[in-house]
Structure formats: structure tokens, C-alpha cells
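Each of the next two complexes has chain A plus one other chain: chain B in the first, chain C in the second.
Up next is the complex of A and B:
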């Protein structure tokens, strides 16, 4: 397990997924003439940033064996708060964004306290905050108030180009790199996997489990707030319905990327590939002139196949235990 | 853990999935391939607010009719999930694909305008229908109903049902709703001009709730024994008022009419409680949208034009940058079953 040979590296989940993504790309390129264009590549990047950020936020959470269903709702709440800070409180955009990040961290902190300190199940806690955050966003705007007419300098972040790519892409890549380093190159990141693999074991090994758990949920809150600000810049509007359903897409991307839903194993680059697989599917089908329903279907199919593929050997081994030992 | 063995199965399975995907694509091949050959068809991309909505399915039926008559290519797609950014995403894809015209029923006025402005910057014509975007984000809005058309039709129909005289009451959504205040203005103007013997005795808000509309109507019925007609001008109020009239045993004695969906009121219309339901013809809305999009792409529709030739709908007026669908349709027992939205 420590030093995988070339053969295992080739058959690793991420490698397989990479092949799938590349095949997807060529497939759609053949089907829709505009798919491979530079413009569309930029569209692809732009569209994957929202889900991609939430998937990045979700990866450490799931690695610890947890789940955060509230990130999509928190995106909506942060978008509304950002709008309120800027329009109603009159804060300049950078300050409004900073305060929004603090709010995101605080919201993540609420999840953290309930899950890490009070040891409540993450699924239940974040199901609660999923409703709570969305409800707050709706209450603050009565469901109809829409924040708009943001200054052009801010909209630049979501709609224009910078460094030869969509302006939000460098931010996304920076955060992706940050999360990758955290998960794969620090003891902190290794502890996430240890906690997910065996929480009690991690505790006995002297890991500060509660503090580490709290960290991943607060981090998720902050990233959701960043996603909210980028989302607002892309659409030019902040409304309470922002990010509806994103939490499930983010979880899909993470699990498709090979992270075990039970925690303990998974990678950040797997998550990025999972995000790309879903984004290319959604975008490519439009260019191939296929109706949108197909995208949902194929995303589901892809996920089920990935999961089935991962657990099939186990099932087979249980059903025909002798077969593995039988001489050939 | 189950490191090696699982991957063995993963690869073929993934590939099988992809095979399926590629298979799906092949079937659409001829469609796409025929485009570059010969004269390029005008391609119109049409987007509903949401894809499964019966209202928009009937718009699509009208659009299909226009597409056949005009020989254009139609791309029809829209959100299937509640993600409010999805309309933007699809529009942005259409821009990259280089369609000629984009026609959208806007879910988020501000948000979608961002994407539509970008389309216009790229030289793509933009039409909105059903629900408008920001005026600077589109060329024309296909307006399904003007306040004048709605107000006049409601009053004409009420007068017809009451024989031109007697008391009537209005149930509205709220006393502050801008569009309904506008409609009431035209209802009153029509009454004063053509039906001086009709008298409006009450105006009640129902907060856009069917239950509240029902209790308001019940109160109106007991307080006003001479009431001849209840006019419900927000859609939940029509079945609400009908239920009240039915339970009071006054079906046929007190007429109910209003602005709503035929499907929500079909039962009461057949029971003889609700006399007429008023709404625009959604099929014609889709039909007109495609004609407007086509004319824009051909350059036969330009800013400042005063009318548009729209196939079987004839010549329709344009006011400013609004193409008007014309007078709403009155659904009665005779024709309500022909409409399934």
C-alpha cells in the first residue's frame, strides 16, 4: 500500500476516472462541433467552479467519515448576506466579502460545535442546518428580494477574463491547490483519513479528534462563502435560491472521485476529476443537442457504475469464497 | 483493503457506461451533420422556465407548429432541477454553439439578463416571452397579455354573465400588488364606459391563498344577498371562490369568473359553478415567439416596427419593444377540455 507499483497506479480509481474524462471529452468533441472550442472550455471552467468549490469543501468532511448537507443552503445564505452587507449596510465590496467569509466560518462553526463537541450525527445536524440556512436566506429577503446592480469591477470576477482564463478560475485553482496540500501533504490531512478510518482508534492514538472535525466543518463554511461570492458575480444577482441542490452534486462529485462515503480513503484530485466528469457531461450533452434529462440520467448511471465497480469484488468474494482460493 | 481486485471491475464497467453514452450520441448524428451542408437553417433556441411545466409544454406545442411552417431548427431545453443558475448555464452553452436566436421565459430577471446581454454582444438576437428580462438584455418581449386586455375581457365577461346589471365583487391577491391594481383600473374604466348598471360592491384580498379566498367569498355571499357575480383576479382565488359558492348552494345564482389555469378550474366549470376562466392561449404564445425570433433573424423585424406578420395569427401589433399576443381567451364549458395546462 505504501509504494504502489506501476500496475496498481494504472488501475487506481483516479486513473480510470481520468480515462473516462478524456473519453468523454473526445466523445463530445466528435458529437458537437462547438464543444472543443476555447470559448466552451472557458464556459466549462466557469460552470464547474460553484460545484467544484463545494466538492472541495466536502472532500475533507467525507474523508473524516462525516457529511455536510448544508453547503448548498449556506451558499444561498452567504449570497444573501453579501448582498445585504453591500446594498443595505453600505459596505464596500471587499469588506462585504470579508464579513461574508466570517459569517460562512461562523455557520460552519455551528455545524462544528454540534458535530465535534456534542457528538451529534453529521447527517442529522447538517440536515437541520440545510433547512435552517436556506430558511434564514428566505426570511432575510422574504423570498423575493433580489440583490443586483453590482459594480462592474465586482462582476469582473464572475464574467470576465484574467490571466487568459475566466477570472474565477485562478481562485478556484488556488483553493484546489490549498486543499490538496492540506489533505495530502500535511499531518493534519493525514489525520482526517485516520479519523474517518477509525475514529476511536484515532482518539486512542492521541489525535485531537474533536478539534480536527471542527476544522473541516469550519473550512467547509468558509469555502461555501467564497463560492457564494463567485456565484453572485457570475449571475450578477444574489437571491435566496442560490445554490439549490448543489450539496448533492458536490457529494456526487466527491464520491465519483473515489472518496469512500464511510471516510478513511479518498483524494482531492479524485474529487477534481469527479467534478470534471459531471461538468463535461452536463455541458457536452447541450452541445450534442441532447435534452437535459439525459445529463441527470447519465450522471446517476456513472455514479452507480463507479460504486458498483468498487464493491463488486467484495460481493463476489462473499458469494463464492472458494473461487478465490481455487487453483487455476 | 480491497485494493487491486476492485479496479479490475471498475474499468470495464466505466467503459460500458461510456459506450452507452456514445451510443446515445450517435442517434443524433444526422441531425447535427446536416447543418453545415447546403443553406444553413436558422437555429432558434427556446427555453421554458422549467421543463416539466404543463404551461410550457403547451407553449412548446405551438412553437413546434411554427417551426414546421417556417422550416427553422429548434433547440428546446430548460432547467429540470431547481438550480437558478441553470438557465444561465444553458444560455451560455447556446452562445458558444452559435445559435441565431435565443428565446427565454425568464425565471430570474436579473440573473438571466447577465447571460442574455452577453449573447447580444456576440450578435445573437434575443427574444423573451412569458416573463421579461431587463429591457437592455433583449431585443423584443413577446407580451402575452396587456393590463388593458385582461381588465377589459374580465369586465366584458362579467357583464355578459350578469346580463349587464347588478352587483359584483372582486377578490384580489393583495391590495398592493402592482399588476392587479393596474388590472382593476381597466376593469373600472370599462365598467364606467360600457356597463354603468353594474356596481362593484367589494374588493377583498386573499393573500394568494385558496383557503383565504374561499372564506372571503363565503363572507361576501352572506353579507350581500344581491351579489350576482364574483370576479377572482389571482389564480388561487378562482377555485377558492367557486368552492365557497358551491358550498353555499348558490351555484348558478352567483356567477364565478376569473383569471386562472383551465386545469385548476375544469371541475368547477363542468359542475356549473364557475362560468368562465380567462387566460391567454399558451400555444399561440409559443407560436408567436418562434415567428418573432425568425423575423428577427431574417432582419424583417427591427426596432421601431409597429406590427409583425405571424402566420395563422395574422398581423399583431408591436408597442415599443413589446409584441402583443392580443386579447386573452375565455374558457367556458364548451372549450375548456381542449386545453390541458
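Up next is the complex of A and C:
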């Protein structure tokens, strides 16, 4: 009896979000011709890959009931490291990228040790590494150094087309598919949910809770490193302030996508829709010649409305029977 | 008659489910009125209507002979109705006096806190109910029974005329139970009406004046306890004779399965454990709450690993340092706290059942949802679990069925040793005897069962041998046909003279 109820509720959240995304699209399209053009669509895609990747990294973390505030700073640190490996250490681009991924994994590993092994609260740990990673990035560049003049073959990844779409889009889709399978089709994803719902219950079920927790943070580090490389390729430069504020947008996208901030329930496709809703809103407002502040305000409003909308049926269900009873 | 409370033909539905049908009930001053019924019979709904948490769909509710139409929890409190739940709802970080004050003092922004009268009031109330608790103690530092006493003090302080007690003895030891009973009798003597809910019939016979039996949302029968007996009440509750309450032992036990030598764990507070459990044997682990039984189980399951001593499983010496390792060795633990540890409430039943056998049922790490669903349906059928579907969340089940899901999860691991911690606590009579039959059947198949229970009849009825724990170590090892007195004497550490 419960099944259709829960299913429709979940469906409802994601369908509502889909409707919002489509509505946004049509609204901005009606406001001016430049928004709906193919050029702008591609531009929008390129811009949303960074936040989209971080949101994908964040989804398993939040499913376990955790949070990772350090991913935006890690994006900055990895971008700087990548530039250093290439320009200062003279590594070829593929090798520099590979070493950067290892660094991303190690940075995620630091979070993992503190959270999974030492059992420190994720919010505090990643608040610390949020400052630590950004600080390291600034120290490495003395706050001014910028890495530019990357070879054209590398910039292709961020600025050219491949398979009829922006070159970074296939990579993003591949990673999205990977995370989707991980969360929805593997025993790992199942344990993330179990841990998110009831960490003690998961332990009593014999699940390797620490190892699973470690995995989500290391994975977040690796994906943040990938995001850093793609980000660098798009802008053609790597700076210490890359990805500032991205962690909050990523969390917004995940929560907007219907994932519970308390852990346990949520979907990867919801996260993708959440990312789309934010990306279209931001890009559309630029095309509608609205100041940037409006984008921030509207993103916030959208998040609050989505959360309120999701819990409205519950609130009504609690209120309604009382009102019905009142005239007795 | 000066009814404290009267319900006439009360009806309540939740969607299509009729939770209560024409239920009538009354409570007199100075009586203990027991409310009896299987899980899901409508006891909780009835209580929620009396405390104002739910509004009835139909029928009449009278409090102090006045018809009440829109009862809210606040109005119920004002009318002198207090409910003491199984899990005391106190603020753990505040002191006893502060908790009592929070219940009794009127709240307002400019309310001035007078610490000395607060302390004195708490002291006076605790004294009135004969509780030796310091008003300055933090709730966190109190045991469960002590917290219950604080709840009772609140009820007395609020001048409650109707006190509802929901399974108050579920986690109490026998001396604590006796103290509670004395307190209940004191309240009764003062003219308070008490609605007493319990699954333990002997308690009801010891304490109550009248009993009302609920079944499937209907009040079947109200009578004085002097006019009835246990068999009649069980018959009314389940609607059938429960002839054989405990299944008979199958045969002689097999080889030693689990051997413990001088096992100790400082963190768990257990030491000097020497014990052998044989294949095919049910070893009952008796003792008072706090004697170290659950703690021993947690050592064996790797939650608090042993510091010293030996654990042998099938003759082989093993070290268990985590629940994963314990599971891999073939040790299964069905924990006491179902809702926190036994199952994950928000997860579907099927997912709960496969949580400990991911490796076995899912090849590699890919989920096979079809196979999982079939497995769950299979378990639901063989264990007779009453569930809407395998994808219904664990929270949708009654206590007994949640326990069966927890059991199903661990039986699926095909364990060598099954540790059951209070397997039938809070489970209704029908489901209880089903679980007992199942345990006996599993032992018959060669499983070694270590069964922790605070329910003495259960220990005596089910065990092939009985180990009694006291103060973190084994106090006695008794044959299965030991007398209740012998077990209690060992558990209490008293000299046998009664």
C-alpha cells in the first residue's frame, strides 16, 4: 500500500522540477532571441559542467548524511596544481592531468580519514579543508600567478566541439552515468543510503561503514579534480580563485534535486535536474540583461519554493483532517 | 458512579483502515484498568484519542462526566490526563528539577525562574512518589526506570487524575518492577485512575482491578480480573486457543559450536566468561538489566571487541574485531533495539532483508532487483510476515513483524551461531509463539542459539540450558528445567531461601 504513495511522491518532486526547468526555458526564450540559440545552449552547457560535476560528487556524500564544503576550494587547488605540473614541472598534459587526479583523490582522502576514521563531523572537517585547500592554492601562486598559454589540443576539451556537442559534454554525461549506476544499481549505493538513514543500523547490519564513507569523500575529491581540469580548459587559464562558491551551488543543486539533506533518500537524475534549473536561471537572467544579484536571489527563492513545495502535501495532510473535524 | 473517563462507541479510521470500531471504555477513580490486545489491536489509537493527539470520527468522549468535543493535548493535560510512555520524553541535558519545572510551570517570555522553589518542588514530588533521585541530576545520567519515575513525578505534580502507562515495565528489572507496582498502588489509593498497558499477563493479574481486551479495533470485553483467568484472556486477544505456548525441545545437542574462555572486555564491562554453546542448543542468557548480557553479545558481534580471552567457533580460535568479521565467521546478532539497530525503518523491507548478504545475493556489486524481490517475497511467506509489499518501508510494520524482518536478514546469512537479544520484547502473543516455534525449529536444524531474555517464562520455556549473568560475568549455569526461583536467585546474587 505504501509503495505507490512513496513512488508518486518521489516522482512528483522530479516531475515538478522538470516542469520548472521547461518553464524557465520557455520564459527566457520568450524574452529574447539570443537565449534559445544553439550557440547559447552550448555556452550554457559549458558553464554548467563545473557545478554539475561537483553536484554529482556531492550526491553520494549527502546520501550518506554527510556534506563536503571543500569541493569548490579543491577545484581551485587542483587547477593550480595542474598548471604547476604542466608549466613548472614540465610534465606533458596527460601526465599532469593524471597526477592532478591523484592529488584530488589524496585531498578527498584527507577528508575521508578525518570523517570516516576519526569520526569527526563532516561539516566541521570540510569547513576546515575548505579554507585549507583555497589557502594552499593561493600560497602556491602567491595570490597573483596565473597559468595560461595552454596548448590548443588541451583547450579543445573546453572550447571546441566533439560529437556535435561541446567537447566536455560527453565526459560529463559519462561521469553522470557512472555516478547514477553507482548510486542506483550497486550495493555500494545501497550502503550509502543505509548509512544515511541510520549509521548505527548500518553498522549492526555488518556493513563496512568507515570504508563506504571514505569512498564517497575520495570520489568527491577525484571528481573535483576532473572538474578543475575541464574548468581550466574552458577558461584557458588556471587561477587560485577557480570555483569560488561552487560548493554552495552544488549543494543547492543536490537539495533542489530532491535529495534529503539528512541523508538516505535522493536520486542522481534529481541532481541533474537541479543543476539544469540553476544553470538555466543564471544564464537566462544574463540574457534578459538582469544584474547578477537577481540570479542569486532567484536561485535562493527557487530552492526555498522547491523545498516548501515538497513538504506542502505533508503539512496539508496534517492540517486538513483537523479542519474537517472542527465543525463536529 | 463518578467516572473519570468514559468513551462511548468511539470510532476512528485512517484512510481505509478502521483503527477503532464502537469502542467503549470507562475508568473509575482509584482503579487500575488494564488494556490488553495484540499489536495493532487499537490500543495506541485509543490512548491517542484520550490524550487528544487524535480526534475520534464518531462517538462520545466524556472526561469528569462532561462531554468533551475538541480534545487537544493541551486541554487533556489541563483536565488532568497524563501519559507515561515506554521511552520517557525528557530533555537529556537538563536536570531533573528543570525537566519537572518545564512541565509544570507556565511558560511566558517574562517568566522569572526561581531556582530554590524549583529545586524544593522537585524534591517534594520525588519524595512523594518515593524516588531516591537528586533533583540536580542530569536526565542523561539516569537509568531508564529512574527516568520513568521522573515522568511519574511530573504527572503527580500536574495533579493528574488519569495516568496512562504504556508498557512501563518493558525495560525494568524485577526489583524495579516491584517498586513501580508499589508506586502504582499508592497512586490508586489516592484516587487516581490508571490505564495500564502491558503484554505481560502476570503483571496485569498482579496489579489491575479490571481489564478491557481489544481485538481488531473493537472492545470485546471488560471484566474484573477476579472473574477471569490467563487462558480466557489469551483466547479473547488472539481469538484462538494458544494451547502449546512453548515448543518442545527437539533432541540432544550436538558438538560444541561456540566456546568462550576467560573472555573479557573492559569497555563493555564483561570479564571472566567461560561458556560453551552447542550446535542445536538454545542457551538462555538470563540476568537483570545491566548484568552484561547485551554487552557480551556486542563483544561476540565485534561491536566492542574483546581485550583478552579466547573465542572458538567450531573448535577454531578466532578474533572478532568488527560486525563485518563476525558476520563473515557465521555469527548473527538480532539486536534488542529493533528500531535503531535491528532494521532501518525508512528502507524497504526487501532492502532490509538483503543488507547482510550483499555479497551472496548480488554477484559482484551489481544489484539484481528481481532476485532481491523474489527473495524477500520468499522470506515474507516462510516467516509469515504481515506486510503490504516487499517495497513497503520497515516503519510500516508492527513490532513483531519488524522483528521477523530483522530475523530474516540474519537467517539469510546462514549463520552458525545466532544471538537473539530480547527476541519477543513488545511482540504480541500470537507473533510471540510463532517466533518461539521458529527459534526452536532453527535449533533443530543444527544452529547454536544464544537467547538473551528478561522474560523469565520465556527463558524457562525455551532454553535447553540457562546461563545467568550478574555484574558482567557468569553467575550460574543451570539446566533448562531449573525453577524460576533458582534463576532469579542467581541473577540477584541472593542466598536461596525462598
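Everything below uses one rule, namely that the second predicted complex is superposed on the first by the 300 of 328 C-alpha atoms of A that agree within 3 Å, B and C clash if a C-alpha of one lies under 4 Å from a C-alpha of the other, contacts with A are read in each partner's own complex, and residues count from 1 in each chain.
Everything that follows uses one rule, which is that a contact is a pair of C-beta atoms (placed from the backbone, for glycine too) under 8 Å apart; a residue touches a chain by one contact, two chains touch by 3 or more.
Remember, it's a predicted structure, so these values are computed and weren't measured experimentally.
Judged by the touch definition given at the top, the superposed model places A:286 against chain B, while chain C stays out of reach. Touch criterion not met for A:131: it reaches neither chain B nor chain C. Using the contact criterion defined above for the overlaid structures, shared-chain residue A:187 touches chain C, although it does not reach chain B.
With both complexes superposed, B is the one of chain B and chain C in contact with more chain A residues. Of the two partner chains placed around the shared chain by superposition, chain C is the only one that A:205 touches, whereas chain B remains out of contact. Look at A:265: by the touch rule set out above, it reaches both chain B and chain C.
When the shared chain is aligned, chain B comes close enough to touch A:47, but chain C does not. In the superposition on chain A, the residues of chain A touched by chain B in one structure and by chain C in the other are 1, 265. In the complex of the two chains, the chain A residues touching chain B come out as 1, 8, 11-13, 16-17, 19-20, 23-24, 27-28, 30-34, 37, 39-40, 43, 46-47, 50, 146, 148, 155, 159, 231, 234-237, 239, 241-246, 265, 281-283, 286-294, 296, 298, 301-302, 305-306, 308-314, 317. Chain A meets chain C in the complex at residues 1-3, 6, 185-191, 193-194, 197-198, 200-208, 264-265, 321-322, 325-326, 328. By the touch criterion stated above, chain B contacts chain A in their complex at residues 1-11, 13-18, 20-22, 24-25, 28-29, 31-32, 51, 75-85, 88-90, 92-98, 108-111, 113-114, 118. On chain C, the positions that touch chain A within their shared complex are 55, 57, 69-70, 301, 303, 322-324, 326-327, 333, 335, 340-347, 351, 355-356, 358, 362, 365-367, 388-389, 391-393, 396, 409.
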